[in-house]
Amino acid sequence: MNKPKIGIINTTGYTGVELARLLSRHPGVTLTSVTGRSSAGKSLGEVFPHLADLKLTIEPCLSEVDLVFSAMPHQESAREVIPLVDRGIKVVDISADFRLRDADDYPTWYGFCHPAPQLLKQAVYGLPELYHHQIATAPLVANPGCYPTGAILALAPAVKAGIIEPEIVIDSKSGLSGAGRSLSLHTHYAEANEDTSAYALGGHRHLAEIIQELGQLCPDKPPKITFVPHLVPMTRGILTTGYAPLAEGGLPANQKGIKELCQLYQDFYRDAPFVRVVETPPHTKHTWGANTCFIHPTIDPRTRRLVVVSAIDNLVKGAAGQAIQNMNLMLGLAEKTGLEVAAVYP
Amino acid sequence: MNKPKIGIINTTGYTGVELARLLSRHPGVTLTSVTGRSSAGKSLGEVFPHLADLKLTIEPCLSEVDLVFSAMPHQESAREVIPLVDRGIKVVDISADFRLRDADDYPTWYGFCHPAPQLLKQAVYGLPELYHHQIATAPLVANPGCYPTGAILALAPAVKAGIIEPEIVIDSKSGLSGAGRSLSLHTHYAEANEDTSAYALGGHRHLAEIIQELGQLCPDKPPKITFVPHLVPMTRGILTTGYAPLAEGGLPANQKGIKELCQLYQDFYRDAPFVRVVETPPHTKHTWGANTCFIHPTIDPRTRRLVVVSAIDNLVKGAAGQAIQNMNLMLGLAEKTGLEVAAVYP
Amino acid sequence: MNKPKIGIINTTGYTGVELARLLSRHPGVTLTSVTGRSSAGKSLGEVFPHLADLKLTIEPCLSEVDLVFSAMPHQESAREVIPLVDRGIKVVDISADFRLRDADDYPTWYGFCHPAPQLLKQAVYGLPELYHHQIATAPLVANPGCYPTGAILALAPAVKAGIIEPEIVIDSKSGLSGAGRSLSLHTHYAEANEDTSAYALGGHRHLAEIIQELGQLCPDKPPKITFVPHLVPMTRGILTTGYAPLAEGGLPANQKGIKELCQLYQDFYRDAPFVRVVETPPHTKHTWGANTCFIHPTIDPRTRRLVVVSAIDNLVKGAAGQAIQNMNLMLGLAEKTGLEVAAVYP
Amino acid sequence: MNKPKIGIINTTGYTGVELARLLSRHPGVTLTSVTGRSSAGKSLGEVFPHLADLKLTIEPCLSEVDLVFSAMPHQESAREVIPLVDRGIKVVDISADFRLRDADDYPTWYGFCHPAPQLLKQAVYGLPELYHHQIATAPLVANPGCYPTGAILALAPAVKAGIIEPEIVIDSKSGLSGAGRSLSLHTHYAEANEDTSAYALGGHRHLAEIIQELGQLCPDKPPKITFVPHLVPMTRGILTTGYAPLAEGGLPANQKGIKELCQLYQDFYRDAPFVRVVETPPHTKHTWGANTCFIHPTIDPRTRRLVVVSAIDNLVKGAAGQAIQNMNLMLGLAEKTGLEVAAVYP
């Protein structure tokens, strides 16, 4: 029996190498081709000793495969992906190049004109908890950003149910691997260690996705979202804290309301195998290396506000793990295949 | 000429030992007596090798001094402080025991009945940027909590000026030393390292101070404040991000408004030697070991919200440094005496 | 077909919980019973959210199982293990209670008289790279300490081949999880973070095993070993650097000698599926969560000394992973079963 | 009265910025000129917010000063320093360009021909604990490397006293700031965090200094030194562990010998204000930001070996602090001036 062959474009970034790790143990597919510009010609194990068992060579160009993950930077990724989709090869694009539905948003948020606006219609936003069925038949899936994954999962049930005013503040704290493997002063160890800071106060690019997706869930009342990302000194993990006023006449701001809120979240994620609604504030540590998203919704009774906290591993549920979850759906495999690993704790 | 003699009750916690470090180089006073229960009888240098030069012995009880810092836990501190104040000895109390003006708040927030409600009237809340003059003549100064210091300094100018609706969200990220030197599983290295989490979602005790002090600044409209503290894996530092809607008819939500906002903050802190209003988001790293508070106020033009970020070292401006700043004022010394050290970076 | 049932005594320490993680995905056995004193009655997922999927309850006493891992502290472990062995239940003991062959060593190194000296003869030292066959038929396997695993694997080939004078210095650097989940000041986050220190200069208990095992390999010339462990601020990982003079008339102290040395190590570990002899100095990071041991042997030509560096994850190859490797051999399963996970990097 | 004017060449690296921090509070000199290539024209506070109070502008070229610190990389530093020395300006060179006495060592260890061999005779190796008097009158002081400072101070008393065979193993563990502010993959946060590794096993450049200086102390018997540096995940600090066999007929390998050993170290450092000989293994944490060097010498009685551990802050005693200590001696100031700061702990 032939398993589908899988390829990774640009395996040498952190998402690419995490894809290789997770695919290496995936029982339903075979990773057969990985590319990487600067390291082409080297064995994967030379660049990443923990993957030496895979016995793959980093190639300059992809070999023939059935499904491709593109882990290229935005704008470059579209260039790689468009011809593949045209040839009928299924693609999970991990860049932002097919996440926004409106081509006009690309100049605004990413500073370039989209090269294939028609493909934006075919692309499905790859958050399986919202688009499970569409992903299954999509030729091209746009894997969500790491911050949007944590933020949308945290707020979607409340927004959809209309229990909050869509006056939303999202405060996210991310580990450094989210900034990628490219060198920069702010990811230099001695600068980043023992430091916490906010950035992109003028509007992080991931905000576009968050607005788009939460907006879909409350079309009558476009949400007003302030999103501030922060860097905290750890390698992996995003903790997102969301705040919004309870809608008038909705949930009561007391223990009874908190119970109803939890039930609402439980119901929303009933069929989502990787989301765990929990009764105590989650820790990013409990997601290290795993595809889990923990969500803790509660109410501040003094101020009648929803407070909701989510925790993910930015490289797994926030990138490579979610991409494989999408692949599973696209290939008709069980959603959890290859992703049933527990977090590495402590 | 005799310098005032200073004592520290409970020098063996992190605030106590940080007081000893800073006082050891203070040119205007002499640290003459330090106490500590479990370590009484040992030399200070035996417990804290970096302070061996001080040649002090940890005593079971305080010797005769002119001013005392109490670094005892709350409820215990009041017991130590009350007789000292009665004897006319100046006290800076670092616990929460004299921070709240209304004795009724103690059962609510701290779970005990206040033993000396009359002293709450004499005590001054020791945030020199707000109470400079009152501190100078106070017999008893209640040193603010670490979170309140970062939060109040971040929001006071905006609240006082009435440029925001007092619908405030405060999201703070603290290093682990804020949790003290007592052992607990959540400060165990392997648990806390590589982890970020939210806690006290039901209402952290420091919220009482924040409500009290920001409320004083807008007596007509009691602020509705949600405060969520987070632990991030670093030893020192608190980064606080505050959010609030701009008041109608106030600042415009554009570059011009941001300029006016910065000017307003600059003016508010014109005479505050330790507050630096800055044009880029601050890093906790730039406060390591120093009494500085960096504040970056800005506006999210999409949502017309104030976003303000402050950074402090929780053990210096958030505890021991601020206590010495208070002491300087109480003793008639220049406010910056002994605190002119630059942060240790990187 | 019934898979063997497995139990863990004391699952609430770091080795116990790591055993549960690795066994949860093991295809050849079923984890059916876990115990823990303070947490008895709770679900495993309540104490360790990342293991909620396991749906196990922490029990006060073990249920009937086919093989038991004891993760109790030394001296207490023997008490649990002796009756199990007597009843014919296979045991992997992770404590030190059956590692030393000579009962007289227990008072010296561990301060207690061994309660079952006769069992020391039946127990096999569970380092599969040295005792593969003995382990397969052993009723009781004594899982090595974390430091000894890294140290013995690094030096065994050289000692056995007689290419060094057994004047050995072993300098190890360990992450904090090696110190366990019990609270102590030296594992308190604010103390351990940003700190490196040496400890146990008077002789760490693990030295007894190292002397015993390396001594077995050169019975004519008892090795003189100095072993100094260090704590470095990370959660997982041990890096061990070993030093010894080359024997006269052995390998030449040049590139040719280094080649021969590598070949000798390659040959020694030809059948060891988890040991990787590598040509560049290894990083503990490449072992995070995996059962791999990287070893880099080389020669300092200036001084004619062997220098060898090994890297392991102290909780996997240094504890739980190695224990499962032993279990696989004891149950007649393939040595790598359930341990083929790649490290989580970065 | 005019204080001497001080300049820093290349203030934008970690040693340069640490010099600026320490000089900013130095009562005996005035920092008047700082240079930096890429940042010339900016204010110092723009690049380093913690030094905004200094109100200095980074210049392209040095102004007229009385003493210069050069914090340039090796080979480039000599080019800057030679003309200054020719003009009679005192220089503390923090690069390696004047540390080695024999010009022939430069091609071997640093890969370039020394441009001013005659200056190597005038230059003094700037370890005040060994060359106090020579430094006082030197026109040019070569500030030691960070590793050599920790290693030489740890071993000098034993080597000089002839109590060990000079068969020395030095195993050092350094924080990441030692690798400087230039970007590289191995100092990228996500790579360096949670990782320990050895490097430069073929011979680190600092070994040349260590051989030279320890060799001076036992001219009859050139020491055979293996030196292996390691990177550990912290920002500051070097812990060095040294090992050597006790000389026959010297100290007894027992408690009495350990006492004599400590006394010998105490005596050696009687007049060294920054060296502290201590009875328990030191922690790098107790040196954070301070010029202290802690040394703990002991004996392994089983193997009759000296084991000695030293701890320094690599940027202070290992670089900028020691440079200022040298400056104090060169300018006739008290050795401790401006360096009496306690470490920032925790």
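As written, the chains take the letters A, B, C and D, and residue 1 is the first residue of each chain.
As a working rule, contacts are C-beta pairs under 8 Å (C-beta built on N, C-alpha and C of every residue); 3 or more make two chains touch, one makes a residue touch a chain.
Not measured: the values here are computed from a predicted model.
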With chain centres set to the mean of the C-alpha atoms, which chain is at the far end from subunit D? A
Between A-C and C-D, which chain pair is linked by the larger number of C-beta contacts? C-D
Distance between the CA centroids of subunit B and subunit C (whole Å) is 46
Between subunit C and subunit D, what is the separation of their C-alpha centroids in Å? 38
What positions in subunit C touch 2 or more of the other chains? 14, 175, 177, 190, 193-194, 233-236, 282-283, 288, 346
With touch defined as at the start, can you tell me which subunit C residues reach subunit B in the complex? 14, 175-177, 181, 183-185, 187-190, 192-194, 233-235
Quick one: in the complex, what on subunit A touches subunit C? 14, 17, 21, 24-25, 48-53, 177, 194, 235-236, 276, 278, 282-283, 286-290, 292, 294, 340-346
Can you list the residues on subunit B that touch subunit A in the complex? 167, 169, 171, 173, 175, 190-191, 193-199, 201-203, 224-226, 228, 230, 232-237, 239, 241, 243, 245, 281-285, 288, 296, 298, 300, 302-303, 305, 307, 309, 311, 346
